[in-house]
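Both complexes shown next keep chain A, but they swap its partner, so chain B is in the first and chain C is in the second.
== the complex of A and B ==
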């Protein structure tokens, strides 16, 4: 499963893995903002960002091609919007949409492949992201896994009886989605009950205290500044 | 011997009016272990959820260590009563084993350092110290059960309530769990259909039927009486 692969990658020990999560989030934001504002004429800068991200992935001792493939998950969605641009007579805008989407996904996958989920949330807290938002993200991640587990169990149950839950059999798929929701709701309730039994009162207590060091500052300066400077220079 | 659990006339009805518990009387003293037996749907788990205040009685009272299980006492009660749920996957909700086990001490107001010490001690107690950095969903069923128990032990509870603890465990895992539990000094309530497991830990049993306790006695006596 994709989430398991990302989690496995995030357990590395490279220079990038060891950086403070807040530093990595800042660098990621610099990339994302710069990429999101790229125009079709800025394609050389897009290539530069692609090269930087690829080198970073390689330096983090991650499989570059597989990380790039993982980022391709956004392409089907981006393609839909790109098609509209093609039909509207602006094919270069369509290509730019796809390139920006894929580069943004590459940046995000790289962050998730070098930062464990708990560290990522801790980093967001350091950056003063609203605590409630961070907790919602934590639960979303946990419950997403619950949903995946339930979906996987249902698919196995259907397959074992030679059934199918394909997208063409819409009514059966819709019914299965309803059952999936009900089962997931039941599981989520059980999880909430288990949390309450252990003292959960609506807020998850802080566990990690991560302190940034000089290397983290250099990481931010060495990456975020050039990325933003290049973007501003091309304005 | 001090009384850990004192339940008097406990009644509970679900929202649709179905009576789940009908006038339960039950006591348990420190260090005692008792097995709750009975058919599915007879009210065993519903009863257990009252011990931790997850359900509130429609009538009757539940006292833990002499304190009523309600209102402002709930946080303290939940530290004294450790519930181990049937499906460990539902119980382990934090990203790593260590964080999960440290959850209750942190919720009780301990500092991260103190909570970590408690969590590591609890993990050591169940032989899972080496897995502290792992994600709970990467553990085997037996390991998850041990971590779930560690999560409870980290609060220094007086009472352990285990709901079908041997579910999903293979025979060696079941034996290993029985050995682990036998070494814990806390009073224990075991909800189980696994009679070899019950025999290895409890000399005494109560039998639930349709929301009532119909018998209490030695485990063998109950097994014989109900052909269980």
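== the complex of A and C ==
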């Protein structure tokens, strides 16, 4: 599974992994905004960003090629639009979409492979994302893998027992979704009881408190500023 | 339907982000007021459920299969405000972990699917008091309005799409909307059988509001539909200004004059008009949710 790979990568100890998540989010946004506003004429800047992101990935001791491959999941969809643009007589527009879309995905994968999920959510909270939303995201992530496993097990069980059901397939699938819901509901209730028993009062305690330090400030200044400055300079 | 980064023009993603951020903040506050912290695990698990349910393939005829999107189903299970937050959490997780939708485009995706998608689904459900027809319409309206919004945003951004492709994708959206309606109904009926009382059926009040709101939301998406369903001369800028001009002139006329007199740049004009169209739809939704809440509290 794709996210399992991210989970593995995000546990590194490089300088990028050790930065405060809020600093990494700010740098990511600087990259994303600069990339999103690139026009076909700005291709050298696109190359510069590509080089910067690749060097960052390498410096974070991540497998550069595999990180880039992970970003390539956005390419098939972008290719379709590139072909449309080609036939509409504006091939450079289509290429720009492909480049922007892939570079943005690269930036996101880099953020996710240097930041663990709890750290990322802590960073979002520092940046004043609604606490309620962050908590829902936290629980969603915690139970996502469990339920995905359950769904695929149910799918395997159904197809090995029932085979092709023809017109009844639809009802079978609906019933499977219903069972999955009932199990999720039951699981949610028992989770809640267990957590209340352990003193849950709305917030999960953190064992590691993150405080921004000078290195984080340098990280933001050293990356976000040049990225934006380059974009502004090449108007 | 998840728009990745790199497709939307700067104005479109800025505008949708600016709309989505305060909307999510308001909805989070409202959902938090209704749900005490004990329900947060439940909401997280419901989000994970919709995520996992998207893995169950439903046969859609001719060997193709489809899956649930779930905005309407969440709306019927949790109520609209909480459902919008859970849907936002799902979209953010998909963008971060699966590169399914972009981070800057997250505002657009949240607006299409988590805000308009959930409310467009909840209104017919509430209006028909949780009947089967209401459930079907919930799925149908939810998916159709989200898909039409996504398509319009791409067109306003100037993404090239040949006319035939536009008609095909529109037909595909209609089919998907029917499937989503059927799925929402089938899953909700299965849920009621396993766990009676899990749907949040509104019992009193708000009927007139709901109907007025449903009609307004339909009108809004119909405007977009009519506007986007004009494939002739798509490559030209004229059409794109035509799209936005149409959509706004259906709802407000002063804007047409504004567009003609103050904004001479066609690119700027279409962005402004498109964004204004979104603002109108957004205001309708806010008014609806406020109206629904007011009548709900009064009853």
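The criterion applied here is as follows: the second predicted complex is superposed on the first by the 169 of 235 C-alpha atoms of A that agree within 3 Å, B and C clash if a C-alpha of one lies under 4 Å from a C-alpha of the other, contacts with A are read in each partner's own complex, and residues count from 1 in each chain.
The rule is short, and it goes like this: a residue touches a chain if its C-beta (ideal position, glycine included) is under 8 Å from a C-beta of that chain, and two chains touch if they have at least 3 such contacts.
Quick caveat, the model's predicted, so the values are computed rather than measured.
Engineer: For A:116, using the defined touch cut-off, is the partner it touches chain B, chain C, both, or neither? Pick first, second, both or neither.
Structural biologist: A:116: touches chain B, not chain C.
Engineer: After lining up the shared chain so the two structures overlap, which partner does A:18 touch, if you call chain B first and chain C second: first, second, both or neither?
Structural biologist: neither
Engineer: For A:197, decide between first (touching chain B), second (touching chain C), both and neither.
Structural biologist: Touch status of A:197: first partner only.
Engineer: Give one of first, second, both or neither to describe whether A:187 is in contact with chain B, with chain C, with both, or with none.
Structural biologist: Both partners, chain B and chain C.
Engineer: Does chain B (first) or chain C (second) touch A:28, or do both, or does neither?
Structural biologist: Only chain C is touched by A:28; chain B is not.
Engineer: I'd like to know which partner A:71 touches here: chain B for first, chain C for second, both or neither.
Structural biologist: A:71: touches chain C, not chain B.
Engineer: Pick one for A:209: touches chain B only (first), chain C only (second), both, or neither.
Structural biologist: It touches chain B, and chain C stays clear.
Engineer: Once the structures are superposed on A, label A:84 by its partner contacts, choosing first (chain B), second (chain C), both or neither.
Structural biologist: Touch partner of A:84: chain C, not chain B.
Engineer: In the overlaid three-chain picture, which partner chain does A:179 touch, first (chain B) or second (chain C), both, or neither?
Structural biologist: Only chain C is touched by A:179; chain B is not.
Engineer: In this superposition, which partner touches a larger number of chain A residues, chain B or chain C?
Structural biologist: C
Engineer: Using the superposition on chain A as set up above, list the residues of chain A that contact both chain B and chain C.
Structural biologist: Common to the two interfaces on chain A: residues 138, 141-142, 187, 191, 195-196, 200-201.
Engineer: Contact residues on chain A for chain B in the complex?
Structural biologist: 7, 116-118, 138, 141-142, 145, 149, 187, 190-191, 193-201, 204-209
Engineer: Give every residue of chain C touching chain A within the complex, in rising order.
Structural biologist: Residue positions touching the partner: 4-8, 10, 13, 24-25, 28-29, 31-32, 37-38, 40-49, 51-53, 55-59, 68, 85-86, 88-90, 92-93, 95-99, 102-104, 158-162, 165, 182-183, 186-187, 189-191, 193-195, 198, 235.
Engineer: Touching residues of chain A toward chain C in the complex: what are they?
Structural biologist: Where chain A meets chain C, its residues are 2-3, 6, 28-29, 32-33, 35-37, 70-71, 73-74, 77-78, 81, 84-85, 87-90, 93-94, 96-105, 108-109, 111-112, 120, 130-133, 135-144, 146-148, 150-152, 154-155, 169-171, 173-182, 184-185, 187-189, 191-192, 195-196, 200-202.
Engineer: For a test of understanding, state which residues of chain B touch chain A in their complex under the given definition.
Structural biologist: 49, 52, 54, 75, 78-79, 83, 85, 87, 89-91, 93-96, 99, 102-104, 106-108, 112, 115, 135, 137, 151-152, 155
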